[in-house]
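So, here's a batch of structures to check.
Shared between the two complexes below is subunit A, which pairs with subunit B and subunit C, respectively.
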Partner chain A sequence: MLDRHNHVLQLIGVIVLALLILPLGIVVVTSFGTEPTISFPIKGFTLAWYANIWTQPAFVDGFQSSLTIALLASLLALLIGVPAVYALTRFDIPQKAWFQTLFLSPTLIPEIVIGFALYQTLVIAWRLPLWPSLLIGHLLLCLPYVIRLVTSSMLHLDPHIEEAAWTLGTSRPRAFFTIVLPNIRTSIVAAFMLCFINSFNNIPISLFLNGPSQNMLPTAILNYLQNNYDPTVSALSVVLMLFTAVLMLLMEKLLGVGALTTTETN
Partner chain B sequence: MQKANRFLLLIPAALGIIVFALFPLIQIAIPTVTSGANPIALYTQFLQSNYDLQVIFRTLTIATVTTVITVLLGLPTALWISRQSVSWRQFLSVIILFPILTNAVVRNFAWIIILGKNGVLNNMLQALHLISAPLTLLYTNTAIVIGSVYLFLPIMITTLVDSANGLNPEIEEAAAVLGARPFTILREIILPQMAPAILTGAILVFSGAMTAYTTPQLLGGNRHLVMSTLIYQQAMTLGNWTNASVVAMVLIVLSLIVLGLLRWYTGRLDRRVDHA
Partner chain C sequence: MARLTLDSLAMTYGHGDPILHDLSLAVADGQLVSLLGPSGSGKTTTLRIIAGLLQQTSGTIKVDDEDISRVPVYKRGLSMVFQSYALFPHLTVFANVAYGLKRQKLSKADITAKVTAILQTTGLTDLAERYPQELSGGQQQRVALARALVVDPRLLLLDEPLSNLDAKLRVAMREEIRRLQLQLHTTTIFVTHDQEECFAISDKVAVLNQGKIEQYAAPEEIYHHPQTEFVARFIGFENFLPVNGTVADHAYRVGDQTVAVAGPTKPDAKVLTIRPNQIQLSPDDQGLSGQVTIRTYLGSAYRYTVDSPLGTLQIDGPTETPVAIGAPLHFTLPADQLLPLEA
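Let's turn to the complex of A and B:
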């Protein structure tokens, strides 16, 4: 039987889990090494590489702009995405399928191509500064998540509840804010978290849209790795893993245990 | 609500995508058909170059091998996870989710440490006297495949666990009582039920691996370019924007073809399940 006592399944399962966790564990260990290049197993123990993160302006600035862009892009995506989803799910719009395809179309374009196209059009042709271009790029990344998650929760919400409020004299906007919004808040929080994480971690779009004056954290690490191989990156990786862990805890607190394991992450 | 107002809610999102995604895409597509001798000159030139064909071939091979390995490793792992107790299953799902949410640079960086000339793996093999000189593992196609598998395996597992949770173990028990061996159960009962999920996972992994930038950049180096790293190199290192656009267009077309094929096949599978 292929139940949980099946030795083959168990063996493969344990090996795969170990292979998923061990590489990250090695990164954690190397961040404490005293040698100037990364070595494993480490000799000695130091926290100096953690202090070194803060001496790299590219990392500090990059963290700030990655955080700002991720927050703003996620909020903007909700701000323009939720009304669009509401219109598509509540009104009889003849071109519904057309709009759905349009809203999800950014997922069909490889991110690296989005980055390149935005660089050519926004930065080169329209001479837009890098910062707004980055925000637009990350907004395109986020919007499909909002559309997908909020649409499915709007379809589960009984429209009659809202209609009952209208007949009792509530205005449309008030009904939306007091009845619809509280009912779909789980999907809104989930969409926000997914947008935030994906924007914060994004590389292909940021790659074309950053420059000496405008760093993003992931691309700053990528640049640093071109010329350096010291444990600073290990230390920074540990900080980012802690950041991920905090976000996961937050998701669990806000959305419940089930949300963590069922949320579609791609 | 008035008709105009309904569209008002749609306009910001629709306009945003048209102006900032579709228009720029057309902008980079136009020079690829206007600057050559004839509309498709640049494309035929690209497809006749041995070097460029090699890049396309490498991109597709890496994506294919990655997809196959993630299915082979992901399926047994997903089955194993789905057969644990609820609390244990939740713990394992969190372990799987953690790498997905961790930055791709961090995850690839881990493999630089492992695969490098003085890396963990070479040191270990030398300590065990299995090899006398360090092997070249980093900056190879294999390294890109390893990195891609590491990147996408959790996504495959998550997709498959959802489907494996829905399997009815009683059917397998019935088959076992009737004398079916585990492998027969896997082939005749589990695989047909999980086929749609395997295809969904394959779509996610293949399109992800085919268009990924970070992994080939960090683990492949400059001598093992794939299409996404070629786009960046042409555009930013060589300043040849038209060539970069040609590669971008070929990448979009190829990924749409592959996605279309896999979706078409999924549709056929769904119909088969409906008829059954």
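Let's turn to the complex of A and C:
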């Protein structure tokens, strides 16, 4: 019985993996094609499309803005989210549930609505420049990930370990950094990665807060695809995949083996 | 190594009912004092107030002559061992123990020396590089103790430190705690709801009932002379006979019976109490008689629930001569074992 279960599971695993990998594999292959339009299978091999990425200012600028916004939004989300979670889980705050809902609410609203609403308020009504508006939009996108992941690991953390640190002569802020933070590190790293990837990939919010002076990579790719259907986009996708993979590996190396792949248990 | 004085502590959480009322307690230097009481009686609350983890509503806490009532927890110099041990999961045993010393201005060599010494004392030397998750409950308990003791606290506060251990280990660990406490001469407050545990190791016991201390005395005194019905019940007295008057100066009236006691009667006595094993079975059908309604086997004895002219009584009898349910049981109440209680 168990054996059959295992086989079924394995089969499902293989199918899912195939569905994930196959399209990616095709993208990788098409990025080397010599045809002027994306086609599969390819007839010849060239690296020209990779070179072409760097000749497109929209891509280069877009990459830079997306990277900056994603990093800043993720960091800001952590700086706001982690203390907020700490307060919500450790102090008796009136209206606790209300705050919790507030912080998580961006996930409940379609992103396209958030983008539109922010455009209306920040850009049209308040006449805020695009860049800060974009940052705020991406911050809203990121905050729920931080709140959710960090809350669950804070709830798993025995509140007495912090108290033990205090009784041993450690002030509250110091105990936070030496005792709480190391124990919720995994969820912070995971939250950062999710924030970064989601912000970096986001289209709906960026779409509204984009402008000629402020281009984001995903929207730049969309724009490009509307006029061209050449393998530059495939090449760019491959570069992005590699970029993300390297980033993951770096985080994993910097923050300890297993930080991203294991779930927090203590 | 200090005296502790609690003076009229009161505590109310939020807008709820008061949890502690006018609680006062004096603990002499180097003593181990237990707070004994049922669940919800305010033991943890009291301990957390002493530690500074909770702010009392009123009253003062003094260590020696220093009033620490408003001193923040991290400046009190008291160590606490939590029921869950609360070891730092991301640190090794060694680093857990060294943690408190890092806040003191000590050289690295001094820290290592102190940690090594306490690990030796607590038998943890071989486990120094392990992480808490890799330790058994008893070992975690030792680490928690070592971590609390290494900083040389003025007071050691223990909140049911043995309740997560199995029965055998509990006995071994409580002796270990007592040994360390005597060796280091650390004034200690030990919270428990297990009377046997606290009688075994305490210099004095404070019995807590709904936020009030009912009796504060040496274990022997409490065992033999409980002052209130609550204390008596808590330490194994099962029979409480309501008194409705005295007969001369040697007996009380219970219902329509006369029960003789040793020594002069107290006019204010409300109940007479006696342990089930202090009531004597009379083999020759003398004395009072009752009917067995329940029989439970305790291993060393049978405990009978007996309907008698004095009311329902709990009586222990030998296992060699069991009495059947429904059968009559004859017994006498030894006059020198009956304890009159005034509250």
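Heads up, the rule we're going with is that the second predicted complex is superposed on the first by the 228 of 266 C-alpha atoms of A that agree within 3 Å, B and C clash if a C-alpha of one lies under 4 Å from a C-alpha of the other, contacts with A are read in each partner's own complex, and residues count from 1 in each chain.
Here is the rule we go by: a contact is a pair of C-beta atoms (placed from the backbone, for glycine too) under 8 Å apart; a residue touches a chain by one contact, two chains touch by 3 or more.
Here the structure is a predicted model, which means the values were calculated and not measured.
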Touching partner for A:V150 - first (subunit B), second (subunit C), both, neither: neither
First, second, both or neither for A:S171, with subunit B first and subunit C second: second
Partner chain(s) touched by A:I161 [first = subunit B, second = subunit C, both, neither]: second
First (subunit B), second (subunit C), both or neither touched by A:N183: second
First, second, both or neither for A:M216, with subunit B first and subunit C second: neither
Dominant toucher of subunit A (residue count), subunit B or subunit C: B
First, second, both or neither for A:C142, with subunit B first and subunit C second: neither
Common ground on subunit A, meaning residues reached by subunit C in one complex and by subunit B in the other: 172, 266
Residue ranges of subunit A touching subunit C (in the complex, touch as defined): 158, 160-161, 163-172, 178-179, 182-183, 266
Of subunit A, residues touching subunit B in the complex: 1-4, 6, 8-10, 12-13, 16-17, 19-21, 23-24, 26-27, 30, 38-40, 79-81, 83-84, 86-88, 91, 93, 99, 102-103, 105-106, 108-114, 116-122, 125, 136, 139-140, 143, 147, 172, 197, 200-201, 203-204, 207-208, 218, 221-222, 225, 229, 233-234, 237, 240-241, 244-245, 247-248, 257, 260-262, 265-266
Complex interface listing, subunit B residues touching subunit A: 1, 6-7, 9-10, 12-14, 16-18, 20-25, 27-28, 73-74, 76-77, 79-81, 83-84, 90, 92-107, 109-114, 118-120, 123, 150, 153-155, 157-158, 162, 169, 172-173, 176, 182, 185-186, 190, 204, 208, 210-211, 213-214, 217-218, 228, 231-232, 235-236, 241, 244-245, 248, 251-252, 255-256, 259
List of subunit C residues in touch with subunit A within their complex: 51-53, 72-80, 82, 84, 86-90, 99-100, 103-104, 133, 147-148, 151, 157
